[in-house]
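Common to both upcoming complexes is chain A, partnered first by chain B, then by chain C.
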Partner chain A sequence: MGSPFDINGGACVAMVGKDCVAIACDLRLGMQALTISNNFPKVFNYAPSTYLGLTGLATDVNTVSDLLRYKVNMYRLREERNIAPQTLANLVSSSLYEKRFGPFFVSPVLAGINETTGKPFICGFDSIGCIDFAKDFIVSGTASEQLFGTCEGLWEPDMEPEDLFETISQALLAAVDRDALSGWGAQVWIIEKDKVTQRLLKGRQD
Partner chain B sequence: MTSLLGHPAGGEGIGYSFSQPTAAPVKQHGFYPYTDNGGSTLGITGSDFAILAGDTRSTSGYNINSRMVPKVFKIGGDDETGEGAHIVLSVVGFAADGNALKERLDAVVKMYKYQHGKPMSVSACAQRLSTILYQKRFFPYYVTAILSGLDEEGKGALYSYDPVGSYEREQCRAAGAAASLIMPFLDNQVNFKNQYIPGSGEGHALEQKKAEPLPQATVEQLVRDAFTSAVERHIEVGDHLQMMIITRDGIQEVFHPLKKD
Partner chain C sequence: MADRYSFSLTTFSPSGKLVQIEYALNAVNQGVTALGIKEVLISTYRSPSLSKISLVTPDIGMVYAGMGPDYRVLVDKARKVSHTGYKRIYNEYPPTRILVQDVARVVQEATQSGGVRPYGVSLLIAGWDEGVEPQSEEASTEEKPTTKTGGILKGGPSLYQVDPSGSYYPWKATAIGKHATSAKTFLEKRYTEGLELEDAIHIALLTLKETIEGEMNGDTIEIGIVGPPADHLLGFEGVEGAQGPRFRTLTKEQIEDYLTNL
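Up next is the complex of A and B:
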């Protein structure tokens, strides 16, 4: 049997722009080569400008996203404020490391803007919570190799929100079209300070 | 119960006094006829030229064997420098097989010229390479080959192969260790996949941007960008970029430095 990370398929990517960040995912859910659904978003919202993408084993994507929703809700009730992306990063990391010897088979990607500093923030994780802080972009999922290629080729520093949208969309669509386990549409979020735009991309349906 | 013969009676078979129970199994030796030497190659064609490129790093596992082992070769030249050649072959995978394949195809193209009194066309060479690869169907040359030149109309021609000879003529192709990184970038930047003409229509009426041959300077820049990107994220790619630019004036070979880490 293959790796648990590759059973259901899926891809996710986050990018930094000028005073903005973007996060995008594909919509496929499969069992090996058989597609089960083309409406399975992998990006979840945890604060007005903080989003988390989860690729990997679909059952763990659901479990981890729900577990974090519970933890973030408890945080908001205690602190009476929204969770900052940096804080969520540490929460994700410690939650995953708790399961060090029986991990969730997920590769999270976090994107957000810190409400107090106004600075964009992205990071990625391995399945046991090691944080990868990046200044440019983070990729994850079965199309991660393809995404590394497209992002490394298309990304440039200090892009405006419109250019960032075009770049992340082209990078994701080009990547998932070369991966049999990802694709079937995509969703993109452009996060600016006090403004979030969500777009649905059709993409190739095969 | 103690055995009468003074040695433990085996659960199966007859317990002869001279039959020693096999304590340690005989050491198994293996011969692995293939190695993966890493690296990547890339070919793009234009209206009157073709470019075949590859990095020059040679690896085995995490070791770097050499920083200057070219993967792109002139085929059917008049002397050992490849002078007079009009076909280029790139091979990536197992370097020893790659060299053997290059030597064989080079000999075949030369013999063709001596026997027929004219140079071999690229399409004929492409079919011959497929046959050579398939002849070793059950002990293959462990390589991904790309063959390039100019076709009978003077247009850029590029043929890509799998290790057992399946081949196809294409506009562009990446092969080797970083093929999965480079190929989607090429789909987007050479064939304009997922790009549409703004304001050309709504929904299904929206027109796709047509792929048309790119100018030589653009293609050269794309090749260099593709490799600098691959070097950033793949440890088996690096050191130098070797480019063969095929035009009707001949083959120009250039080297560019890549990161050596």
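Up next is the complex of A and C:
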């Protein structure tokens, strides 16, 4: 039996640009080598400019995304404000660490713009909530090794939104083509201050 | 059936009152006066050596009127809940309103639980919130000193009162304890919008002087302020981004200085 992280497959990546961030995921849901669906997005929205990608075991992706939706909704009701990306990062971290000895098999990736400071923010987590703060990009999923390669090769600092979209899309598509468990289309979000663009990439359907 | 309402201390009387809460309020109204003005501070008439103003988080402090032992229990609970209910989850301290709500919940639970009596204290909680709305450039120029008027969204100082029933109220300025009514009347006359810190301390001391009996000096008065970050209280320096506490108590000497200028 393989790792629970590799059963369903999937990939996710986040990148920082100039006053913008991007997050993208593939759309495959599989059982080992058998593809079940090509419409399984792994990126979820928690505030107007804050998104969270979840790769790993699909059942845990659903559970964790729903749990966080509940927690973030309660936060918004209590505090009468949207949750900041940094605050969400710590909420994700503490929620995952609560299950330290029976963890959710997910690798979250967070991307957003802080509404107060206007600054982009991305970070990643391991399955028990250790935060990986990054200035450039974060990768996760069964294609993470390939993504590290494509991102290292394509990313550069201070990209404009259009440039960032092209870069993250090419990085993801190129990476998932070299991973049997990821691919089957992709979704990309470009997050600017006061504007979010979502795009669907058809990708290879084989 | 004389013991009909005595199986629990927290049972409604037929007239709809919870008499234990009324008794608790009586305890509060006999307590020494404490007062607060939103722009700044909490100040009080103190018993020798035991301090009444407590820090809860670096930016939030509180003071009480009523029973001292109950207050110290509440201070412990407030400090604990600010971590278990907030900082350990979000890695930041709770905004003033959230902390007040958490403390108010503790107080309320004592009015509905078996085997306990309500807390015999009213609290004044003052704190500073950074605010989440982006500061506009014009706001920082000379014309308007600040747009931070308090609250989670705009940021700035805020003042709350928590009662033994668990209800809480936001105030611009208020007083609790003995002579609270006359102190509030005095504050109502003196308070103006957008007070400076120094003016607010002055008004608070004037109010206290008008309403309480006994001498006022550095030993009998305590003052807590919500001011600019006090970096000298950090205990270290040279760490980028580190900010000192905004809530702090004044020293005996500082209080004496304010009193001589009264």
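In this section, the second predicted complex is superposed on the first by the 206 of 206 C-alpha atoms of A that agree within 3 Å, B and C clash if a C-alpha of one lies under 4 Å from a C-alpha of the other, contacts with A are read in each partner's own complex, and residues count from 1 in each chain.
Just so we're on the same page, a residue touches a chain if its C-beta (ideal position, glycine included) is under 8 Å from a C-beta of that chain, and two chains touch if they have at least 3 such contacts.
Note that the structure is a prediction, hence the values are computed from the model and not measured.
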Superposed on chain A, are chain B and chain C clashing or fitting side by side?
fit
Counting only touches as set out at the top, which of chain B and chain C does A:Asp163 meet: first, second, both, neither?
neither
With the two structures laid over each other on chain A, which partner does A:Thr87 touch: chain B (first), chain C (second), both, or neither?
second
Of the partners chain B and chain C, which touch A:Glu79 in the superposed model: first, second, both, neither?
second
To make sure I follow: the centres are taken over C-alpha atoms, the vertex is chain A, the ends are chain B and chain C. What is that angle to the nearest 10 degrees?
140
So in the superposed three-chain picture, is A:Asp126 touching just chain B, just chain C, both, or none of them (first/second/both/neither)?
neither
Go through the superposed model and pick first if A:Asp6 touches only chain B, second if only chain C, both, or neither.
neither
Tell me which partner A:Gly153 touches in the superposition: chain B (first), chain C (second), both or neither.
first
Counting only touches as set out at the top, which of chain B and chain C does A:Glu115 meet: first, second, both, neither?
second
Pick out the closest CA atoms of chain B and chain C after fitting on chain A and give their distance in Å.
28
Give me the intersection of chain A's contacts with chain B and its contacts with chain C, in residue numbers.
none
Of all residues in chain A, which touch chain B in the complex?
145-146, 148-150, 152-154, 169-170, 173-175, 177-178, 203
Residues of chain A touching chain C in their complex?
78-81, 84, 87, 90-91, 93-94, 115-118
Quick check on the complex: what are the chain C residues that touch chain A?
88-92, 95, 98, 101, 131-134, 152-153
Would you mind writing out the residues of chain B in touch with chain A in their complex?
178, 180-185, 187-189, 193-195, 225-226, 229-230, 232-233
